[in-house]
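Residue numbering begins at 1 within each chain, and the chains themselves are lettered A, B, C, D and E in the order written.
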Amino acid sequence: MPGWIWAPAALGALFVVLPLAGILARVDWARFPSLVTSDSSLAALRLSLGTAAASTVLVLLLGVPLALALARGTLPGLRVLRGLVLLPLVLPPVVGGLALLYTFGRLGLVGRWLDVAGVQLAFTTAAVVMAQAFVSLPFLVVSLEGALRTAGGRYEAVAATLGASPTHAFRRVTLPLVLPGLASGTVLAFARSLGEFGATLTFAGSLQGVTRTLPLEVYLQREADPDAAVALALVLVAVAAAVVALAYGRRAAGGLR
Amino acid sequence: MNAYLTVDAGLAARGVRLAVGVGQGERVAVMGPNGAGKSTLFGLCAGLLRPDEGRVALGGQVLADASGAWIPPHRRGIALLAQEPLLFPHLSVLENVAFAPRAAGAQRGAARAAAGRWLEEVGASALADRRPAELSGGQAQRVAIARALAAEPRVLLLDEPFAALDVDAAPALRRLLRRVLAGRTALVITHEPLDAHLLADRVLVLEGGRAAEDGSTAEVLERPRSRFAAGLAGLNLLQGIGPAAAAGAGTSRSSSAAASSGTAAGARISIEGLGEVSGTVPEGADQPAGGEAAVAVFRPADVSVFAPHDAPHGSPRNVWPATVLELEPRGAHVRVHCAPGTEASRPGVAGPSAGEASAGAGAAAPGILADLTPAAAAELDLVPGAGVVLVVKATAVSVYAVG
Amino acid sequence: TQPGAHRTLTVFAASSLSGAFTRIGERFEAANPGVDVVLSFAGSSDLAAQITQGAPADVFAAADGATMERVAGAGQALAPERFATNSLVIAVAPGNPHGITGLADLARPGLRVVACAPQVPCGAAAHRAAAAARGEGSAGGGGGVVLHPVSEEPNVTDVLGKVTSGEADAGLVYATDVQRSGGAAEAVRFPEAAQAVNAYPIAALTGARDAALAGEFVRFVVGEEGQGVLADAGFGAP
Amino acid sequence: MPGWIWAPAALGALFVVLPLAGILARVDWARFPSLVTSDSSLAALRLSLGTAAASTVLVLLLGVPLALALARGTLPGLRVLRGLVLLPLVLPPVVGGLALLYTFGRLGLVGRWLDVAGVQLAFTTAAVVMAQAFVSLPFLVVSLEGALRTAGGRYEAVAATLGASPTHAFRRVTLPLVLPGLASGTVLAFARSLGEFGATLTFAGSLQGVTRTLPLEVYLQREADPDAAVALALVLVAVAAAVVALAYGRRAAGGLR
Amino acid sequence: MNAYLTVDAGLAARGVRLAVGVGQGERVAVMGPNGAGKSTLFGLCAGLLRPDEGRVALGGQVLADASGAWIPPHRRGIALLAQEPLLFPHLSVLENVAFAPRAAGAQRGAARAAAGRWLEEVGASALADRRPAELSGGQAQRVAIARALAAEPRVLLLDEPFAALDVDAAPALRRLLRRVLAGRTALVITHEPLDAHLLADRVLVLEGGRAAEDGSTAEVLERPRSRFAAGLAGLNLLQGIGPAAAAGAGTSRSSSAAASSGTAAGARISIEGLGEVSGTVPEGADQPAGGEAAVAVFRPADVSVFAPHDAPHGSPRNVWPATVLELEPRGAHVRVHCAPGTEASRPGVAGPSAGEASAGAGAAAPGILADLTPAAAAELDLVPGAGVVLVVKATAVSVYAVG
């Protein structure tokens, strides 16, 4: 690696780290403990962790097969699909929420049939999970598809000639090989779910303990008490940092073996 | 064809079109220059490549054909050991070897026990707990061999299994493979005639995507019909045509009965640039027929080298003036590469001898190899460019038809 | 200030004012040749935060007194003035399919009601209205209305969105919001709204580059022409 | 690839594609042309494309060195830094915008010094670019770092023994090798910049032609004219789709060579 | 040490500790079993590995030492051709070869022209426009050789350059390398004694991370001191000790003057399990001294095999009863692997002979190889387990001290 790389790299790091310092500088440390342990804060934190975990599971269940199909499949329409799957990344979350509303809402494309069947999603915790999954799915798919492409099919071919069925090869060879990509995709998806705001607000609403996740709580507190909002934002950052550190820590250790 | 494994298929993109049959329990050595299509043949068998022409069948079942029939690789029972070891990097050595038993449904414990046995067989038990990244190239290949064996497949394809092994470790694995391949259907890609002798009943020589030679190992390596096969067996091979008037006991191909009587029949063939060459027709081979393709084959050790002024004369000897191209020390002897003709008569002789010209063996310039002791070479003061006379006794030359 | 010189006035206004202030801006430009009014719309508290962080704004129009006080408290707003009021209505789907006539109907079981969270101005107003319906805020006073919203939105826009998309059967919003929805929702007025009128303050900012022009704009808004536009948009008199 | 993969893959694809269809179904096609060609819409589109392009360039300039330093560097603090760089992903954009304001605003950590120097960033088009770059930087860094790790250092080692200086090896070997990862990271960053809303609104404000990008215009229109909002959202989706298709199309072609 | 390239360094993690010097313009063949540390030596020279002990120096300049001195790889002028070709996958073959000239600052056109010349030299001009993915293994290695040569480095490191080449293509590249390596400083890892003869002035044998043997090619391969080197040269080597009372012309090491007189001196050494072995001390070698380490070396072709009942007797011959372990066909002859002693006296002889036991050559069981004609083998009815008598004339056995 050329030495001069460090200069722009440091600039890049500063660009991200400084604003985080900017937040830290604004925290009212005296009130911090009481602010973050209020009922509403704790309820929001609990809900956020629960829904982010659930949506990450949903994203894994849908996204891993999707990434595999995109990386290894040979159907003609796949290239178009690959582009479509990325679109939630570019949609402003509020528009994404609108799209979900127009689809799964009571009057939506699919929602009207669900409504007939007695299933109502709006204003439920399930809606939060869906909104989070919608915005985080592309993160997983993109990371994983890249890893699958670089891992290539050579090891899978060897596994096949050793008698491994595609399913066996998938579980015992493909998945372990792309574990770093899968791990970073999962972390990204979880983090994105944790930070999700616009789509949740639009599609799921904001009721304490049911749909008001930490970012929504931050947003709400900002109106009334900016100090509390900053303190909560800091909690969000800390939780996210812990998750990221944990995942990356394990990954780095795995890479050493 | 009542062969067990039948490949009568082509892949136009790689310029490969092969028709090959392998009997059950037969072991075939696949040889040929780089790019000849050896690995492509294996890909077609293993199901890693789809033929765009013809079909591949095993035990009466069509594995693949150009019209779309397709048995996926894992249901073919054909294990492939590739040129690169490709050990699964996330599994330990033991788990790598246990992979195939596990895939076949064995319990974890049973699979690991089986893997342990195979590792022991290849002398790699001590490596069981390592990761593939911690192995040297040779160690990795050894483990890959164990992994392929552990699959206990119907057909085993080995693509240069010894490529990365050192001279010291290879014999042990050769012995192992010889033991385990006995009675199995196996194809082995190798550049080493020894492997063909030891591991195969038959040799298939590919050139330019086509089968160039196909016969029992003894036949191909002891009575080669192509320069490539002769080169493999360490023999000189000169291509020519049978004499207008046959000099031997018979005059046609049907006269091979004479040769099979046990007495070697004398024969002459004519070779461009050398004139007539005398030799004997080996047992079981065909008498050269007038005007048809024939070859003269002899060992480099049977070629004597003399200074131009004191060459011996008189029948039954072949005497050829030649130019030294290169001296190649080979352990206990020196191999002299010669081009027939004198320097004056062959201007522009710069260096090419068998195999130099280009990637293909077919383009090789005709050359003669002679093996001398270092002392003899020093005495004759041989240097590249020197003129010499090569002498080969007729009894040391095999001539036969290859039409 | 030389006549004919090109001058720019930057106005930060609460997003509920976007329709009205766009028109007021145009009229102000027409009345003051050479003046260019640049409008930035966002939630009141966003704007307040931006101003206290040094945003180059000349005039601030907020949707409630508390946010204006934050700016004034930082010494950045000059003499805030009330320029409009806005009162709550019940937004329902066009044609009022659930036949809602007043606040009491919102307590009907099975009816999905959304409102603003109590922390934001429109939510506070909704609370005041509901308390009024229960009997002038007296604790446990004779059985009036207890709202159980399925969602407490941080923004009145989100309340209206839930109603127009059909997710909610009714929502408590401002009269101007229904007016701007262009027929996607219908307003049901109710008497208790009078107890929860929201006042909009406006002020020129101390950081204004052209204090005179900023003052002129404030006077224009509270003046006859500005008030006319605001009334057309459904705002009440200050 | 096991055949059953197609079932969950299709479900995953539907989950993303259906909401897009939901939006399409809501577009008022009769008014569509006039809605999207209004002055304010066109100004927003122009501004969005320009700022997204600029922020993508900024992200490349800072992010490529950063990814390289993270993937190849051996300093002890790098693992912590890797985690920090991901944090903007998890921050609700509004909080991110606040952080930028607290840092680069006139009274912020850094901004007060910039202000002394006569440089004002907040509420300028430059602020829009910074807000977009802040949220998109992690996308590029994560994609690229993954690609760099899988590409490994072996080819760089070969280049070095052939006499290539680290800079030469970087330009001629490393960069071309990670081109797929770089391309997908760039597309992601551009797309994320294009859709950025919360941080822009908070840090840069919403001034027509200066800081009011397409997502801000959509948000503003949503209240007054939901039809117009939907139409604009569709334009956003279409622009994003075009960019993604272009980038992926070229990448797929490159992969075939 | 006035060597040009000096490696006196270790890497504890790989169990490697080497002290090696290479003179300017000297070509060294590096040999040894898998995992011996050959590639590690190259990594230390090229700057891909940092020594954690000692130092590496080139032309008087310290390249790396344990205290942190460090010249980065690209400023060492040391090109490394690795075992795998590692062609840059995004560049065409021509651009791959042009890489080093470009890196050295050549203009695009000049670099491509140079690359074209090197491609022509390795006979791969036809591949110039291909991508590496479109090459067979052998073709790729050929291009990698051209790419390394194009760097025109101060020292060239070749890690098994012929590993992936076929018998037909290798000679041409050997000749090329021989030409271009002449006068260059180069190290070549190879498992092929031929390469050592052709491409190197000196042979360095590594075992277990240490230098086991180091000397001129002729010395190491013609008078090996270790079983590994003898195995490389295709020779039998028996390790023993000098006789208590020396039987030859001299009694001490200084008596080598007697040997250098030109007359080979007779000598005997004693070998466990075989008793006394008679031989001659070759020119330039040391007379075995009483009680000190010595070896007996002889060619497999000089070993005659007899049925137990009709072995010849009488001096000066060595006569050893032995058991056949294995028959190995080798082109024109059959190689017989034998273990000294009879089956009865050696229970449990199952198969191991030289090199079988495990990964290391050091652990090899003592064995004797004999080369016979197929006819002789058939006549003797040799099968594994058969008892035979091996006879070697004393004049065919070299004995010398290796202390």
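Things worth noting here:
Going forward, a residue touches a chain if its C-beta (ideal position, glycine included) is under 8 Å from a C-beta of that chain, and two chains touch if they have at least 3 such contacts.
Chain identities (UniProt): A, D = Molybdenum transport system permease; B, E = ATP-binding cassette domain-containing protein.
From a predicted model like this one, the values you see are computed outputs, not experimental measurements.
Steps from chain A to chain B, taking the shortest chain of touch contacts, total 1.
The chains that touch both chain C and chain E are D. Highest C-beta contact pair count among chain pairs: A-D. Taking each chain's centre as the mean of its C-alpha atoms, chain B lies 90 Å from chain C. Distance between chain B and chain E, defined via averaged C-alpha coordinates, is recorded as 24 Å. Centre-to-centre separation between chain D and chain E, using Cα means, comes to 58 Å. Residue positions of chain D touching 2 or more other chains: 94, 98, 101-102, 108, 165-166, 222.
Listed for chain C are residues 49, 161, each touching two or more other chains.
Inter-chain contacts, as defined above, occur between A-B, A-C, A-D, B-E, C-D, D-E.
By the touch criterion given at the top, residues 1-9, 11-13, 15-23, 25-26, 61-66, 68-70, 72-73, 79-96, 98-104, 108-110, 133-134, 137-138, 141-143, 146-147, 149-151, 165-167, 170, 180-181, 184, 187-188, 191-192, 194-198, 215, 218-219, 222, 229-230, 233, 236-237, 240-241, 244-245, 248-249, 252, 255 of chain A touch chain D in their complex. Those residues of chain D that touch chain E in the complex are listed here as 154-155, 157-166, 168-169, 172-173, 176-177, 179, 257. On chain E, the positions that touch chain B within their shared complex are 32-35, 39, 83-84, 123-124, 126, 136-139, 142, 160, 163-172, 175, 191-194, 197-198, 221, 228, 231-234, 299, 301, 326, 328-332, 351, 353-359, 361, 364. Chain B makes touch with chain A in their complex at residues 46-48, 72-74, 76-80, 82, 86, 88-91, 99-100, 102-104, 131, 147-148, 151, 153, 157. Taken together, the chain C residues at the contact with chain D in this complex read 10, 12, 15-16, 18-19, 38-42, 46, 49-50, 52-56, 157, 160-161, 164, 177, 180-182, 184.
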